[in-house]
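Two complexes, one shared chain (subunit A), two partners (subunit B, subunit C).
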Partner chain A sequence: MEIGFKALHPVSAFLFFVFSFLVTLCFSHPLIIVTSLLCALIYDIKLHGKKSAKSFFLFILPLIILITAFNFFISHYGVTTLYEFQSGNRLTLESLVYGLVFGLKASAVFLWLNCFNEIITADKFIFLFGRFSPRTALVISMILRFIPLLRSQSKEIETSRKGLGIDSKTGKLFERLSNSIHSISILITWILESAIDTSDSMSARGYGLKGRTSYNKYIFTFSDGLFSASAILIPACLFLFRHNFYAVYNPVIEITPPSVFGFIVFAVFLIYSILPFVYDLWEERLWSTSRLKI
Partner chain B sequence: MVDIKVENLSFTYPGGKKALKDINFEIQSGRFVVLCGESASGKTTLLRMLKKELSPLGKTEGNVFLFEKERKDLTLRESAEKIGFLLQNPEFQLVTHSVQSEIAFGLENLGLESGEIHLRLAEIASYFSLSNIMDKKISELSGGQKQLVCLAAVAAMHPSVLILDEPTSRLDPMTSELFVETVFRLCRENGITVIISEHRLENLIAKADRVIVLEDGKIICDKPPQKISKEIFSKSEFVKASMPVSMRLHAALKLDGDAPLTVSQGRLMLSKLFFDKKPTKQLNLKEEVNQNESAVKMRNVAFAYDKSGYVLKSLNLDVKKGSFFAILGENAVGKSTVMKLMCGLIECKKGTIELFGKNIKKYSSTELYRYTTAYLSQNCENLFAGPTIREDFENLLKSEKLSSQERNERISFVSEFFEIKNLLSSHPYDVSGGELQRAAIAMTMLRPLKLLLLDEPTKAMDNLFKKQFAQKIRELCESGVTVVIVSHDIEFCAKYCDECALIFDGVCSVQKSVHKFFSNNFFYTTAANKISRHIFNGAITESEVLALCRDNQPKQKL
Partner chain C sequence: MQGQSAKTKALTFLTFLVIVPLSVFVFIKFFSSKNYLACAMLIIILSLVPFFAWFEKRKIKTSEIVTVAMMIAVSIAGRAAFVFIPQVKPMCALVIVSAIAFGPNVGFITGAISIFVSNFIFGQGIFTPPQMLGMGLVGFLSAIVFYEKKYAANRILVSIVGGLLCFLVYGLIVDSCNVILLGNYSPKAVLAVYGSGLSFNLIHAGTTALVLFFINKPMNDKFSRLRIKYGIFSSKKLR
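Let's look at the complex of A and B:
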């Protein structure tokens, strides 16, 4: 079993991510975007370690630069001209800044998505889906079972046939082609054959009886409640007091400096965004010491 | 209490094939019943008749009573809950992606509340010791674990009757023994009635309360195993070949009383026979050394699939031309790896491999696979695209540029040799596993090959079939083809192979002639050897023990 954010109820974790996405997408204030990006990055590094740092330099940074450059050279709105081409097109400060903000926004969303993938496992996803449509949830689960099976089977067919020199890589072009067609036809026969057995196994275990339930292994604890509440309330505050975080980039850059009250709201948002990271650290700390005391 | 009662049951498939003829039996609650018979003798049909949802369509006569109710009066819910059914292939039976959801699947169908399902999961996890794999995905499990999860998923529904249709045909002997042991525990500790059909009977018979033998849709024997008499042995080739060695010896020696079921009982039987005198004649072994040149020569071969570690460290192996050679060893010890190296499916990066005196790296891929060697993996259904076996044969020969007459000649030659003429026009999925194996070997022999590599060829065969199969392989060897198999099947190797090699810890621990190999071992040896070694030296097969018994006791007319 997991600890920390991974051990939370899927609903709490899901709510957290949904509102993180929403806030990041809806707000353009640099303070919010940068905070969101940094918190996502910190948590991503916590979850994925070295891999995350590597992908930051190889993927995220180039992404930001690319989006900024793209916007800078393609869009020509704004009033502050930095350079004017002979054709009359201008490069403006506004398009540069907006490109940068948009790039940061996109990478923040990407990083949150990366964390989402790690936290919301297939099981949790199926559980969340099962709330709305139990049948779809079962179908997803069956597909998740079938994909690796199909992959290993097609590999097995190739190895089996290679032993006789009738795989898709031996012989002349025409032979290879005909061999591949045979392999595919074997795979299809196999799929049909397996489907018969699977449906037998399902009906043998009572699939189709009236009143099917769906098993819920997740327990909603007090901390899940706290999490869910703050996952809704804090972004709600942010939306409610959104005039404190007003920012436009076209035609002129206009960024509201936050008031004292706005700063308090921002501080709460900061705490909210960094929460998964802090919660994980705190739980790890909590449980690393309990063995020592025995 | 009678759980199952079958009265005058006959069944005819829509095509007119009569699968069951006048079947009568009764099974008391809590019994362990073994159903056996050759393939296509009607086992699966009979088992499916007991499970309403899976019963085949066709003409049914007679009655099936389940829990003292007629089958048609049993509701689907009762049938789903009280009768658990396990099919052959665990891969196909598993429905969902994770162990937990798989076990919960049946319980959800029954409409249990989450709390109740949680309790049942806890119960099942501790009974089957599944806790450490409970959170895993199905694709991460081994074959044995998958079949165990299937069993657990059925057991979680609290069935009264458990029906298993060749559940271990895809598992190796060690894993399948463990599986059968678990099923047996369910029966003895929880009073679940078990009906199991199997082709590997040696270890199962001793556990059975009753053995039902089907032949051609009829019951020819329905008795406790120790009461299976010599009459039945002489009547049925299948029984003669499939029962444990101790029982076969008992029947062949025409002894009276209950048949010994286990090795220890078999030892006791021989001890009684020879209690007053030591045997005077012992096995006279003439060691024939195969003087032929090597077909495969492996020297200091090392192999690793990735940087995680060596599978083979320094392997030396010599396979003589025209011999029937077996590679033995535990699971995941690198047996199949050795084979794949032999035929160049994986590249030998350290050490040398020579096939017929020529380094394997110097063979072109066409020369290697078309004219030298063929490797048959465990699942030979992967080779056949259908719609008929003949068409697959023809497809294989397409690249050879033969006239259609030559092609037909080759096909009819191999199909006659392997006695599969009647299968040629069938769809590959319609023939039994053993038959398909034979068809696959026939397919490889369409080309003039010199080295045949078979991975676990006897997995899906019953003993009778193995015997016929081995004869064909022997004939093949006599015609100069070298055959190498990888196997878990000690009895098969001891009976029919020339030489054995045991792989352990990345090296070939020993390579010896079959007799020397098995007679020196204590655990890793045949049942006949275990039964007889306190009396006779070095007898490893049933026929040797039998001959020795007869030689030493002429007076009692054995």
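Let's look at the complex of A and C:
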């Protein structure tokens, strides 16, 4: 059974992720970027466990270092010189800091995308976009069904050709190659024919007629509504009071320290970003305690 | 785009003449001008909209939809078969072959959805929208060159044009997004990024051209058989 953030209505989960991406991409203030990165990392570890830690050290950390170094050594804007080469090129503090912030930003987006992949599965995506573009959603769901079909059919072809002694594992190298090409050719012919069969069957069942509705298993509950509302309102607050989180790195580093009010907005943003993690923990606890009662 | 309704035409114009400039203006006006990444992603996603709107609104046979879905499934299986060598993807070649058979707009849809669905298997990333746009455009342009043309049967020509499109269009779009991701726009940095992507793109384009050379004729035969037997995709005969 799915609990927590995964069991939430796709609309609210999707809204949450869209605004996390937007906030992370649009703000350059270190406070916001670091918060977003840390919350994404915590939730990613919650979802993926060891795999997440591995990908953090193998992929995210090198990415940050790469972007920082790339900026540091190639761009020379800024006023604070750290080191001057004999050719006159300078290494500046500004380009270092800007590169670091940009690297953190990019890796925060990558981490949120990791979580997105886990939560918004293909079927949820089809549900979300099926209303706007039913035909595209239909094509995508058909593809997802056809891929395993292709695999099983190619196995069937291989087995029957093995009986004839012309499968891809008998004969010399050239024979094997030509046999496997034949198998693929048979597979594609079969696919195209069966596509026509499928479409005949669909029209016989009335696909494309007016007034047909589609079934979905998601119900929009009160907590989903609450979640969606906060997913829109909190980023809207951030955008409204964005002058509290103003940061420029070129030519001079200029980071506004947030006012007291800015800190309140920031605290709300922090709660918002950590929400999926907390919600998952809360639901898990609820689930385990209710099981104990039984 | 051929066979467009007035509504989708209006939507296309609205997207490119009003919404895209407006969103660029909003980004420059309200956020610091360094937000190229968010802005570029928005424009790329918006530029996908007209094609999908066309696909939704066009009168299209059920058999055509199912065949397109099947071809996309084949191209994804092709990508999955060579997942251990990332540069070698027969996907691009299969998209080009289907685009030549199905026409420019369906070709765009084939390319874009191929990338989109295969990224559900290999992981969605920040590169999904630019890859969709790039692969879609490869399909679109190759169909513009070869759709319902006599020289579509010339496999040397098809493989050369296909390889070039794969290198120039797909490679350029995806590498440009690398530039934006690294966030440094001095000429030296930009050249360094394009240079590092060069070998990858060359191998990708080369394998695409090679695969196209071998599958062009058999696939064409299969499609024209389908066309003659069931009358889908085109009223005209290729040969």
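As a convention for this text, the second predicted complex is superposed on the first by the 259 of 294 C-alpha atoms of A that agree within 3 Å, B and C clash if a C-alpha of one lies under 4 Å from a C-alpha of the other, contacts with A are read in each partner's own complex, and residues count from 1 in each chain.
We adopt the following convention: contacts are C-beta pairs under 8 Å (C-beta built on N, C-alpha and C of every residue); 3 or more make two chains touch, one makes a residue touch a chain.
Note that this is a predicted model, so its numbers are computed, not measured.
Engineer: In the superposed arrangement, which partner chain does A:49 touch: subunit B (first), subunit C (second), both, or neither?
Structural biologist: After superposition on chain A, A:49 lies in contact with neither partner.
Engineer: Is A:215 touching the first partner subunit B, the second partner subunit C, both, or neither of them?
Structural biologist: It touches subunit B, and subunit C stays clear.
Engineer: Let me test your reading of the model: by the given contact rule, A:225 touches which partner, first (subunit B), second (subunit C), both or neither?
Structural biologist: Neither partner.
Engineer: In the overlay, answer first, second, both or neither for which of subunit B and subunit C A:62 touches.
Structural biologist: Neither: A:62 stays clear of subunit B and subunit C.
Engineer: Is A:160 in contact with subunit B, with subunit C, with both, or with neither (first, second, both, neither)?
Structural biologist: So A:160 only meets subunit B here.
Engineer: After superposition on the shared chain, which partner residues are touched by A:206: those of subunit B (first), subunit C (second), both, or neither?
Structural biologist: The first partner, subunit B, only.
Engineer: Touching A:142, do we find subunit B (first), subunit C (second), both, or neither?
Structural biologist: both
Engineer: In the superposed arrangement, which partner chain does A:28 touch: subunit B (first), subunit C (second), both, or neither?
Structural biologist: A:28 contacts subunit C only, not subunit B.
Engineer: Regarding the shared-chain residue A:248, is it in contact with subunit B (first), subunit C (second), both, or neither?
Structural biologist: Once the two structures are laid over each other on A, A:248 reaches subunit C alone.
Engineer: For subunit A, which residues lie in the overlap of the subunit B contacts and the subunit C contacts?
Structural biologist: Residues common to the subunit A contacts of subunit C and of subunit B are 122, 138, 142, 144, 149, 185, 189, 194, 198, 200, 202-203, 207-208, listed in rising order.
Engineer: Can you list the residues on subunit A that touch subunit B in the complex?
Structural biologist: Per the stated touch rule, the residues are 1, 122-123, 126, 138, 141-142, 144-145, 148-149, 152, 156-157, 159-166, 170-171, 175, 178, 182-183, 185-186, 189-190, 193-194, 197-198, 200-217.
Engineer: What residues on subunit C touch subunit A, complex-wise?
Structural biologist: Those residues of subunit C that touch subunit A are 30-32, 34-35, 37-38, 41, 52, 55-56, 60-63, 65-70, 72-74, 76-77, 80, 109, 113, 116-117, 120, 123-126, 181-184, 186, 188-189, 192, 218-219, 222-223, 226, 230, 232.
Engineer: Please output the residues of subunit B touching subunit A within their complex, sorted ascending.
Structural biologist: By the definition above, subunit B touches subunit A via 51, 53-54, 76-77, 80-81, 84-85, 87, 89, 91-98, 100-101, 104-114, 117-118, 135, 137-139, 150, 153-154, 157, 343, 345, 365-366, 368-370, 374-377, 379-386, 395-396, 398-399, 429, 443-444, 453.
Engineer: Taking the complex as given, what residues does subunit A use to touch subunit C?
Structural biologist: 22, 25-26, 28, 67, 70-71, 74-76, 98-99, 102, 106, 109-110, 113, 116-117, 121-122, 125, 133-136, 138-140, 142-144, 146-147, 149-151, 185, 188-189, 191-192, 194-196, 198-200, 202-203, 207-208, 239, 242, 246-248
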